[in-house]
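Got some structures for you, see below.
Both of the next two complexes hold chain A, though its partner changes from chain B to chain C.
Take a look at the complex of A and B:
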């Protein structure tokens, strides 16, 4: 069953959670990324997300593999939505299950940070007074080495 | 002919989801140069390149049949 995917429809949290639910787990951590109305005082009306779908799904899968290396007992599922999203709509859901809770928190955090680094998805903000494709939200120079850095797994 | 996929701001500036370059092979660097010349696409300098859905460096070689994409700084999540 597919555990890492891009969708243009409404995201079901339960569906993502169900993909990592298992008898070995003592914790399931979910991260839900939603559309924020105000960013630094500026009002967003709605967002458009675009993805390079086949590569985005591959990169989400890669994040799952990276998590497996760092937390071998973790199971991960991630879905990201594309298209037009209104305020409070769910853009991303990450579910990680682990035998003990500490790992599920850490792995979940790791997944969202990696999404912001390596997954080819772009957000266009539609403000009250215009629109912009948002660059990288880490607010660093885009790819100083010419490519996104791949972190060591230690 | 090499097909190049464009996304986000790059796609919007060119007005197309993909463009074709009439070459048989080249490096990512040479593709950047041609896209800049053909489409005044200076923003391509801040974009990453991917060949067949994997990140590539400027020295990577592209040949017929490869899928090339230019990936502006990502903002998912």
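Take a look at the complex of A and C:
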């Protein structure tokens, strides 16, 4: 079963948790990223996420492997949604199961930081008063060259 | 709506998450405690949790208030199950939503540690070869006096 994937539909938390539930686990930490209405006082109406899907899924799998090396007893599943997301919609769910709770928190936190560092998913913010491509999720680089270009005023 | 409660039925993760989902939140951390099959090489068949329910719910609410003081932007919901739980059943779900992700992890971790410190819930382990009352969840005290007594071989 696929444990690292990109979807353009609604995300089910229970589905992601089920993928890591097992007899050896006593702890499951999940991180759920949702669309927030206000960022530094600016109002978001909705978001568009775009991904280069094969590469994004490969990078999510890589994060799972990194976690396995650091926390050999951990099982991880991650789904990230793309397309249009409204306020409070779920953009990402990470679930990590471990025998004991401390590891589940640490590995889950590691996963979300790595997603923002290495997974090629771009976010377009549709503000009340305009639109901006935020670039990568750390917001340190612009929408990259070489990926299909999307105009700011499409 | 009740956000801190004890139940003797199956726990729905989505229900707990829904209680903290809101337009101001960009992050929801959940911690899910499940019944693990092996503890230090000993095989568990199933668990019984018992709680003094009014006090347990009051203590869960207190944890919510403590979180509100430490992380004013956080919203918390917690459910703990009692009765017989089989392997992989969910015993506890904590959900904490915050505007930004770091706080959601910290407040969620705080909640599970406090549950184990102050909430009067006792666990009876039904091992392959016998039964033991584990006492409180930190496993530092025996089944307390003053609560209805349960015999080890009931």
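By definition in this document, the second predicted complex is superposed on the first by the 135 of 154 C-alpha atoms of A that agree within 3 Å, B and C clash if a C-alpha of one lies under 4 Å from a C-alpha of the other, contacts with A are read in each partner's own complex, and residues count from 1 in each chain.
Note that in this section contacts are C-beta pairs under 8 Å (C-beta built on N, C-alpha and C of every residue); 3 or more make two chains touch, one makes a residue touch a chain.
Fair warning: this is a prediction, and the values are worked out from it, not measured in the lab.
Enquirer: Have a look at where A:87 lands relative to chain B and chain C in the superposition and call it first, second, both or neither.
Expert: second
Enquirer: Pick one for A:21: touches chain B only (first), chain C only (second), both, or neither.
Expert: second
Enquirer: After superposition on the shared chain, which partner residues are touched by A:50: those of chain B (first), chain C (second), both, or neither?
Expert: first
Enquirer: After superposition on the shared chain, which partner residues are touched by A:112: those of chain B (first), chain C (second), both, or neither?
Expert: Both: A:112 reaches chain B and chain C.
Enquirer: Does chain B (first) or chain C (second) touch A:68, or do both, or does neither?
Expert: Once the two structures are laid over each other on A, A:68 reaches no partner at all.
Enquirer: Have a look at where A:3 lands relative to chain B and chain C in the superposition and call it first, second, both or neither.
Expert: Once the two structures are laid over each other on A, A:3 reaches no partner at all.
Enquirer: Quick check for you: in the superposed arrangement, does A:30 touch first (chain B), second (chain C), both or neither?
Expert: second
Enquirer: Once the shared chain is lined up, is A:99 touching chain B (first), chain C (second), both, or neither of them?
Expert: second
Enquirer: Do chain B and chain C touch any of the same residues on chain A, and if so, which?
Expert: Touching chain B in the first complex and chain C in the second, residues 33, 112 of chain A appear in both lists.
Enquirer: Okay, in this complex, where on chain B does chain A touch?
Expert: Touching chain A: residues 5, 7-9, 11-12, 46-48, 50, 53-58, 69, 71-77 of chain B.
Enquirer: Which of the residues in chain A end up touching chain B in this complex?
Expert: Touch residues, chain A against chain B: 33, 49-52, 54-56, 58, 80, 91-92, 112, 115-124, 133-137, 142-143, 146-148.
Enquirer: Write out the stretch or stretches of chain C touching chain A in their complex.
Expert: For chain C paired with chain A, touching residues are 12-14, 17, 21-38, 87-88, 97, 99, 101, 104-105, 108-109, 112.
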